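As structure tokens, here come the structures.
One chain, chain A, links the two complexes that follow: it is found with chain B in the first and with chain C in the second.
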Partner chain A sequence: MSRNKKPSIEAGSSGSRRAFLRSSIAAGGALVAGSSSARAQSDTAITQVQDWARRLGKGVDRTAYGQPSPHEKDVVRRHVEWLTPSVQTAVNFTPLHELDGIITPNGLCFERHHAGVAEVEPDKYRLMINGLVERPLVFTLDDLKRFPRRNQINFLECAANTGMEWRGVQLNGCQFTHGMLHNVMYTGVPLRLLFEAAGLKTSARWVMAEGADASAMNRSLPMSKALDDCMIAFKMNGEALRPEQGYPARLVVPGWEGSLWVKWIRRLEIGDEPWHSREETSKYTDLLANGKSRRFTWEMDCKSVITSPSPQAPVKHKRGQTVITGLAWSGRGTIARVDVSLDGGRNWVAARIDGPSLDKSLHRFYYDFDWNGEAVLLQSRAVDSSGYIQPTKAELRQVRGTNSVYHNNSIQTWYLKKNGEVENVEIS
Partner chain B sequence: MSRSPERVPRGVSGARFAPAFLLLLGLAATPLGPACAAEPGRGFGLGRPATAEEIRAWDIDVRPDGRGLPEGSGTAAEGEPIFADKCASCHGDFAEGLDRWTALAGGVGTLQSDNPVRTIGSYWPYLSTAYDYIFRAMPFGNAQSLKPDEVYALIAYILLMNGIIADDRFALSNENFNSVRLPNENNFIEDNRPDTATLKDGEPCMNDCKPQVEVTMRARVLDVTPENDDNGAAKRAIE
Partner chain C sequence: MSRNKKPSIEAGSSGSRRAFLRSSIAAGGALVAGSSSARAQSDTAITQVQDWARRLGKGVDRTAYGQPSPHEKDVVRRHVEWLTPSVQTAVNFTPLHELDGIITPNGLCFERHHAGVAEVEPDKYRLMINGLVERPLVFTLDDLKRFPRRNQINFLECAANTGMEWRGVQLNGCQFTHGMLHNVMYTGVPLRLLFEAAGLKTSARWVMAEGADASAMNRSLPMSKALDDCMIAFKMNGEALRPEQGYPARLVVPGWEGSLWVKWIRRLEIGDEPWHSREETSKYTDLLANGKSRRFTWEMDCKSVITSPSPQAPVKHKRGQTVITGLAWSGRGTIARVDVSLDGGRNWVAARIDGPSLDKSLHRFYYDFDWNGEAVLLQSRAVDSSGYIQPTKAELRQVRGTNSVYHNNSIQTWYLKKNGEVENVEIS
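This part shows the complex of A and B:
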């Protein structure tokens, strides 16, 4: 009916070739009615009075908490069943291919749990600070909300994001290759203020953050980072944290790997040495080709990806004016520039960054071009404010091997075919 | 205002610590309002002292130096039935791991192979991590339910399955815990990134950066994306 209507991508089949072809045909049919080359046939989306233009719509309060349009029902988090042994220890993925701007809606922020979602009652929420402090303290949620607050927009990326692609391409969708990523405005209390309240002892060098969930998730954090820009957040994008994001309070560790951002945080212990918890020894250490492993690889390296076109977001309009868009981010600061290649990295052109350029936040980039309808090998390459250049897969494998699991920030290649379909590929 | 010395928390004036801390105060540029500047910077009178009993209830962590280990002991022989009852349904009778659940034993000599198996015996640097993690997170779905003697016995059993101890009557305890070292301890190194090019190595190439480009691998060949998941191709999990 309307050519702006999303093609009928069915839930559970949006990535398949069959679904793509169906939607292309549907879109093509609509184009005939609406395109300038077929003026003889008027567009019934205009000539007929639509239902929504004649009849009264729903009143207020139909949904006390607003929901997306039913036409957007496929814009959801998805998980890859075979990645993890149980749904309580699983991860799902942000639908990056459907989003724009830099802020991730709260309900689409990817989830990663170690023992499921803790359903903490806010009245029973407590945050304890103990260890090398003058005054071990306990705060309620109301106590935390009486401290001076800070707002900051930060990306959170799981260290294992793109980890399934170390040895080769295997997931056909930006949501799955890069979707352990979100970007949210947090409101909370700087750790520095809480530590001032407790009084750090001179030997205080490390902080252990511990969650209230059934894995009591714990990670060590150096005091310098804790005092720099970390905070206990109780709001995300203006509203209370979602349960799956740590309600009622979580740790925010800007620019550093997601597993440090302990959710449902119940305790901060101050110490003089790191704890070497399971999540910083057995996991979240980076095995190199020589059998050595890097540990405490906290910082997220500069990275970018084209979110559309991508396998789940094919080009449906044939040749002509085309928007390439994507995200770039760095745990070391802001993004200085993003370049885009249409020929698999032989030649590059500067992309346009639009929207806020904030420290340790997602940046949105665009490259607008006139597609000639021929096959294209799309890539993006970001450079951050520290001068770090996003590497190719080959460069990363050369220094790390393929067993690292974590911190794969290499350049992604999407193969845009003549028919508009897009595939995750690796190139020479 | 936030840079004034009065805002430095009490007791952080140690010589090694102070310079970094002052630097960080400058970098953080925390946007605190005037009301904050008027406060003494000692917590705004918020929070209350934690009681000793409360700290005991939550302070469950154990460090590599043994700090935090509770009193207790257990042997592998005592651990075996506990393991069979509470652990083996996921980790296997011999801690070898079932399905996608973690293997806790074996894997020695695999870390440089194409299929590294990261177990307590082959990979973990410190045994204390096993105590810390088992008590806080295991058994899966019944966390913090094990008694100290049970945790020591389970760890002894896992050590036996890894061949790190040979005697199933050896009683692992808080007294002798640190005498057991794990073989991979010295194979962890500090983060030395960035390990790829930065602008110091030159501007990134913009034109004619490489010869002809060919597609060498395609996701559709493996085709393990959830919506397409209709064949049984090999899948590499993230663990």
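This part shows the complex of A and C:
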């Protein structure tokens, strides 16, 4: 961890992919992209038949759920002990620095609980709709699966993600600074259809979503959002929800802060005003410089982060062809553009967004450049489909002060050193 | 397993979602979607505080890779013992009947090997490009990760998928009839960029892709396809490839038969004609009625299957609101339309495609109907963006005879009985 470092550096030179490929190839034996035949002759890994090609491999595993390679054993969620008082309220962070593309595998999706993982038995699971409805209803899981379904890929970000950066406590790795984030395809039933079945009274304006865990975690949701794109999901990335993600059913609130996505959901109460529960008053609100808190901050503003290189993903080569990659997202739509800076925000170049660009979903970006081996101050800046531009930390502090814990969407800086190591730094 | 059953049935009545919701609700206490308050009062699962709400749940699992709920222990890949002579050449089928959406979780992606799972050590992994190139090259895994990357969601289907149906041997479940299929987001390096680095000679027309397993599995690929959209992938659904999917790197050949997607890829030889290897002559070719085989059949033709209800996913209720869902895909593009029949192909209704419609990717479809409780002959029929219509089994046999094992993309029939059970049947 480091505070307020302001290294003096020179920017790495940038260039088009084609140009650096040409220059690399012209260099002969010093090819960045592979080796010359001279290398092949001395490379026993290619000149000798390798062990795994000499013997039959393992057969298929009968009736088994597949697991990652043992060589990937360090690619796991991680927990920071001092961050929360108990493991039941802890955070297990997504290893963003090891991932690529836009899908988070279910086994690596960050988890955060208020009373640990509720162990709900699916045959005893019930969802109640009550309050301002014509017909209070109780659904079993099988009942829910008889309604028309929808599929959508959405990011889920905890409002506290990147919270430690507000006052310069800089955890050294994007797993810890930005890893309260995942992106999954959900399958479920739109709230709109469940509410149609229950029959909303004309005074229905708000929904209280309540979880079946011991904390009875609950949040108020405006009816307009509930009817727009929210759903009760029972699948993530094709299969049943994982226990730590609310098995067997959770609320999906696309683009809005994670604590609204109530897990193990057991009740939807319909009302005419918000409940102002603990988790939307004393927590998950933004305390401004003047001592007042904003009432609700639902939408997750446009944000981005470079996932590699990053403190846990150093550069292993000395110079040349290098891939910068990261994620960008917005609770207000899609990502229109991502820029990357190599000099701490003085100059910017357009990154390439690759893969599907979906509403309220992570976007993957790349910037391919020819690293000159000198230190670089890496930043990324996203612009969303509403035209909103991700702010600097200074810009955000100007509006919000430094009392906040939640909703930090400011530009992150990584300091890539000559030796390839990367550090989390703050520049001003 | 059953052969050539021709049950006499009446079609279930179909109807729009809104219509059946209205009729269901009008029925009062017999609501299909949930229960009346009368039910709630006698439902101890809702009137009593449940065990999991009385105690703190399990805390986060420190540095662990997450696993499915114990309640989902039967949602696994499955193997059919008599299908192959050894587990090293066996198939482990994807449980399609348990999945929804379009993403297959990595732990459930079907596997099929020619010499078992090669246990490649990532630091000793090498990929060679040789043959008709200016500069033979050898890449380490780190070398590959310095090239510009691409992300795409593609289905992978084995050419032998649904092969047992050709002659009426009907395995009783879509896991076994259609489960040599998965759909994953791949991240990797386009072959085009690797070939640019090596410099193709003007006579370069074909690529021989060779695996590092003990069978040295190899296939010939035309250069035009290689340069179009093929890549060397090192990630699937965000994380490293799974061992059984070619860890640490495999070839991705979008839309083409699975055996071309060479796993544990170690060599790309460039030539001016195809190699006619074992796996593209004695295997993976279509033997026609006249005794001649087609030379190559690369593209996987447009196909669909209803995944639920299906033999392993019976209907649990007696009548009313019912979700029919399935998958459709085409090696030639996207899916333009899916129709569903409830009477064995006499009448068709349009299904709803939901979720992203991506090139050479699975598409998820639904048909929501009001089941009258009578037996139904379920079928689905897909049309792709090229205008190609999925054929009946009779139409396919007319062209191909019954010698084939591979490339059966014909319409599948499930017989939904009055008691909710479903059987794999053939109708003519």
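As a convention for this text, the second predicted complex is superposed on the first by the 385 of 428 C-alpha atoms of A that agree within 3 Å, B and C clash if a C-alpha of one lies under 4 Å from a C-alpha of the other, contacts with A are read in each partner's own complex, and residues count from 1 in each chain.
Going forward, a contact is a pair of C-beta atoms (placed from the backbone, for glycine too) under 8 Å apart; a residue touches a chain by one contact, two chains touch by 3 or more.
Everything numeric here is computed off the predicted structure, so don't read it as measured data.
After overlaying the two complexes on the shared chain, residue contacts for A:75 are found with chain C alone; chain B is out of touch.
Judged by the touch definition given at the top, the superposed model places A:239 against chain C, while chain B stays out of reach. In the superposition on chain A, A:420 contacts neither chain B nor chain C.
In the superposition on chain A, A:255 makes contact with neither chain B nor chain C.
In the superposition on chain A, A:167 makes contact with chain B only, while chain C stays out of contact range.
Of the two partner chains placed by superposition, chain B and chain C are both touched by A:196.
When the two structures are aligned on the shared chain, A:386 is found in touch with chain B, with no touch to chain C. Of the two partner chains placed by superposition, chain B and chain C are both touched by A:150. With both structures placed on the common chain, the touch criterion links A:331 to neither chain B nor chain C. Put simply, chain A uses residues 17, 78-79, 86, 88, 91, 115, 128-129, 135-139, 143, 146-148, 150, 193-194, 196-199, 214, 216, 266 to touch chain B in one complex and chain C in the other. Chain A makes touch with chain B in their complex at residues 12-17, 19, 78-86, 88, 91, 114-115, 128-130, 134-139, 143, 146-148, 150, 160, 163-164, 167-173, 176, 190, 192-205, 208, 210, 214-218, 223-224, 227-229, 266-267, 269, 271, 273, 275-278, 281-283, 285, 287, 289-299, 301, 311, 339, 343-349, 377, 381, 383, 386-389, 391, 395-396, 399-400, 402-403, 405, 407, 415, 423-428.
Remark: chain B residues 7, 9-14, 17, 20-21, 24-25, 27-28, 30-33, 35-36, 41-44, 46-50, 54-55, 58-65, 90, 99-101, 111-112, 114, 116, 118, 120, 123-126, 128-129, 132-133, 136-137, 140-141, 143-144, 187-200, 204-220, 222-229, 235-239 touch chain A in the complex.
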